[in-house]
């Protein structure tokens, strides 16, 4: 990353003329999904009609080249569509986008367009749904502690067997296919990577799943998968150096960013509507500087997030990593949306914390985008590393005590008993 | 007009380099070395702008009138590079006031005669223009200059009053002044320095000290009909909204460059400083701060570039987007200066360090363009479809 | 309010020696209530054992003089008890404290110690529960729009009849007694106040109630009351100038403040425990400066809120209003607790948004304290007014357009069509 | 020792007025009128402290040794009033450094001889003491002064090195210096100005300009055994934690007073400023800002007073509470200076306005006492029961 002004030539940049304002119309009409959002949250189930609307909209094909069955949309169209769906129903957006953006990118990047067309095709058509299984229940996101392992099926037959438990997975309860980050059981002499992605059919005996109830994004299926010698096809285990993976996982951070932008925009929109209609103590809310200030800050912050996210999307489309920009925008946009949603709750007062109210739901949803994917602090580490600061250096505590600041000071007349220390 | 390695056409196509680079490198070489000293002395050095006039004096003046013919987006980049290379907020403000705030309204609303009279000499740097920063937020502050008809036999006007906080005044050839009429309407005027009844006093804030500051006193100052810029009584529809948006966007450009310079200094300083016996940059919280600083630079850049590019689209720019960009960059500049100061340790207080000047000047910057009390209602009114 | 340094003499101030630290022990053991907090949230019901524990603890009598059946505890004891109960279970705390602190203060302030002993006694013993009904469903907190009215029962009998609908009331679904802010139907020549407090027995035919589901503080009963010619005793309608009421309602703001402090302290405590036990990428969380920074900021902010709240409690105990200090601490502490709870969620990662996890619950609870009672912005107005700035001055928009900032500017080459404006 | 209308005993009982009032009124009369001028000139006026010595020089020196015998809580109030009345952060820092940072360690750890030699003359203001603000956060910054035994026949020590950022150095009689031994241990020394091998250079930051700043250069400076304060090698248990907590709490006291003065100015300014044709103070967002400023003052006051009062309890004060108070007040001072500046408009940049100096000095203040990178681990380590 450069710290000097951006010296890429104009042609590489987001065409400023097309940089969207809040009022830029989206060709995508997800109004039916929006109308069902409260119900989706209340029941914790995405209605089948949502999936039908998404299939009909062409959303699932936007992010991919025509070669693999996508529609090859430009980055502006992609991001407008993401924001429109996230704004309509963040839970539905997560479920669809994890499958078609993150999982298909993983399959297309590490797999083979021909051999894996049988997996990609149904995901882009919406006939099937995928999930990405990374984290393990006991460990959080520290891969050093992951235990799930793929081993050759050996005498038992063709292909591989996979065993382990993955947790905190979007779509785990409902997906047909899992992209699983797994260790490889390596035969002597195998000097390939220690890790692989395994594409696991979830409709088989060795697979059990469970749901995890969650605070926000309640329509989004979330849960764990227990794999007990589940079978994986010979073509469906792709060795991958784990360091490389964050490059593709950055698509997931971009997904979170637009989830946050959509949530924030929906919360701001609700606030504007409320301020325009509400009169308090004879004063229309819209005429009060305190309310105006909150709306204006939200407007500026959402736009800042959207423009940086869009720039990152253009960079990716131009074949550059932009991982640093995506990390920045993930951190900023998700934390920003929490703030914007909290402002919306304040502007709405008690109705904003009543179950079933749109901003009550958005407030719960907003925090999920911060937590999902890499956390803010882990991504800040990433940005810092990309600044050339080198990897994080761990020093075990205690660095305070040797400096004389590790215990309480004496009072005005010295230590209570002569000679006492620490 | 010399843009290195590039014709302006090529620059517009992005083929020949980036205006931010040209100005950054030139300002780093020519302006930065004396910035701390000029700041201490509160001194304007005319040789600096003279040397850089080809690059900085007339980017937005059309080539036919001797200007650089850059787009608004390119001009924004040019000023961003100026801030970064010069590390001099005051000098950058003086340049922006001349090249943008004073010049663009003449291009946009000037008669052919006004354009031909002022723009070529503005573009060459021969004539500098100046504007009161108390007149760049419409009439949010009460008007301090009054205009009345010059009386029988004249179609001119008489101006009375005073205007503070005029960036560039001591060295300017002409002033863009908005004056109020008794009926509440307001008109923009171009007032030449040698006009009888106009007095330029040296007076200015204790900030942006390398900018030449002054105060205009107009005492029965008679100006001809030709001094009117735009429609008489029409400033509220013409010059005022333009001047406000230009201030919000283009005086912010050098700050984006300054923020990058400060962030770079912070990275360097936090590698060198030791705390608890190890480099500051090993501490996770310091790394987080640096990540946040660089993020703010990129976030602010997106908003400002959008607002600048809207001037190029032939349609009317958005006051909401311009005001939002300013609202954001002011806060970003604060975060970056304070974050950088926190990581620079005692080095920040030598009296010569950029972060010291930037900390003082960022506070001043925050109050210009109307500050949040103007920006927020402008944004909110557009959002709420009020007014 | 003075803007100069505090010149009250030392004797009036919080005894610094007793100013609590985070580690100051509370004599109140609400550990059973804490153990049941997750269940209380999940079911939305306060277990009977909680009430038993509260009665046994003496909590309900702390805030009142011995004359009316209280135990006359000192302010430090009162506040330590409030924080301890709020920390154990914020929903239970709200329910109990609205009844025994806010409602009993209202009855004792505007009623009569002898005549209303029959109401106060059972509230302090915990046999009965009270609610305070102010807001109306259509109007929010703008009293000018309130319609609930008390009128003499007339030929129908002794006392009064009350009609109207009050909403968003803590304890409405479960309370035995409501303190209702109501208009008075005034006979000609009655130049008393337009408003009154009516003490309404909720166990009678003219009373209907409903529940409102809510995001946080789910154990706290919340809902509305519809009064249709409900009967009110002759002694139980107390005319009151509405301007005076905020003096007593400030007890409610103090209640919110300690709810927030308790929530924040519980969230910080959970974060400290998590940081001490969790190892990520080989680094104990507790040794990471980023985590340390979050914990340290929370520590300082919670302490600041607690010390100001305690000072306000001492001021009240000394017979002064301290309404301005309580308004400040309500605004600060409730917004602070949202921030501290959000930090706790971040420190916990995905487990922090899993339903049933303590910090997930605290995060939802925290926002309720901001919204409950007067909102932050209304209290900021109050503080500003107490600064001597005069009452809020309302100007109808538009003050922007006349200044020339009400429409979009021209581009570089002037307005698109000559003469176009706005 | 003259505390108006009060004996110190009565003051301790709160019967005779409040130390904040005494110092506020006196400083307002004596120090404030010249504060802006001394700041511009970077000048120390010895007459000011001479006039106020009875009030400010020795509040924490026991009456038997000629001091005011105030409690720590009262001394805190005294310094709070000093900041508020003087509107002079630099002068207040110099006073606090002498009266607290330099004097309390002598009271706490001095031998009878040291106490009798230094404290009466410190309390009268005859001898001023000075401390390096780079030594008030333990050894978080690497030690810059080394101590070695003076060699055969002597029980004294030889000091070598330099100490920057010594508040009060140019006018001090003696210095509290912590020096490191080759084995890593550290010892506190009282070094008199006339000691051979000690050179006091005038050098300081471009902030807190009314404080006399200097740098100590120790070149083979031999000091006798009697110069050791506390246990040889014991600074990490004795002087260092005390000095840190004293800095965190007592140099913050004037800032609490300054915050009150700034808030009062902001209220007055926002009544006078007009925006959109009406007083700024009519705008709801401005009212909210003012409410937040006054709240921060009260919130910070609570934390600081608790930490100050802990010095009076006979037991050991809490490093966690002292550091938390400092962490909070630094952020509060930033919010208040920036909020006040935003409401003062152009008046903030006349070069004479408190908010200008406070804005610059608050940034410096934020970096002293170790800044957040020291304060946060100190608090967290206590909270996490680490170390």
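For the reader, a short list of remarks on this structure follows.
By written order: A, B, C and D. Residues from 1 in each chain.
Criterion: contacts are C-beta pairs under 8 Å (C-beta built on N, C-alpha and C of every residue); 3 or more make two chains touch, one makes a residue touch a chain.
Just so we're clear, the structure is a prediction, and the values are computed from it rather than from any experiment.
Each chain's centre was taken as the mean of its CA atoms, and the one lying most distant from chain A is D.
Each of A-B and A-D has its own count of C-beta contacts, and the greater count is at A-B.
With centres set at the average Cα position, the gap from chain A to chain B is 39 Å. Centroids built from CA atoms put chain C at 36 Å from chain A. Annotation: 48 Å between the Cα-based centres of chain B and chain C. Counting partner chains per residue, chain C has residues 286-287, 289-293, 377, 380, 395, 397, 399-400, 403 touching two or more of them. Of all residues in chain B, those that touch two or more other chains are 140, 276-277, 283-288, 310, 312-313, 318, 372-374, 376-378, 381, 386. Every residue of chain C that touches chain B in the complex is listed here, in rising order: 288-293, 397-416, 421-422. Taken in their complex, chain D has these residues touching chain B: 134, 140-142, 164-165, 205-207, 274-277, 280, 283, 285-286, 334, 338, 341-342, 345-346, 348-351, 356, 359-360, 363-364, 366-367, 371-374, 376-377. Residues of chain A touching chain B in their complex: 1, 3-12, 14, 16-17, 19, 21-22, 272, 275-276, 286-287, 289, 291-293, 295-297, 299-301, 303-305, 307-308, 310-311, 325, 328, 331-332, 377, 380-381, 383-384, 387-390, 392-393, 395, 399-400, 403. Contacts from chain D toward chain C in the complex involve residues 12-15, 17-18, 20-21, 24, 73, 77, 80-81, 84, 256-257, 260, 263-264, 267, 271, 276-278, 281-282, 284, 287-288, 290-292, 294-295, 298-303, 305-306, 308-310, 312-313, 318, 320-321, 323-325, 327-328, 372-373, 375-381, 383-386. On chain D, the positions that touch chain A within their shared complex are 60, 72, 104, 107-109, 137-140, 184, 186, 234-238, 240-242, 244-246, 283-288, 310-319, 322, 374, 377-378, 381, 386-387.
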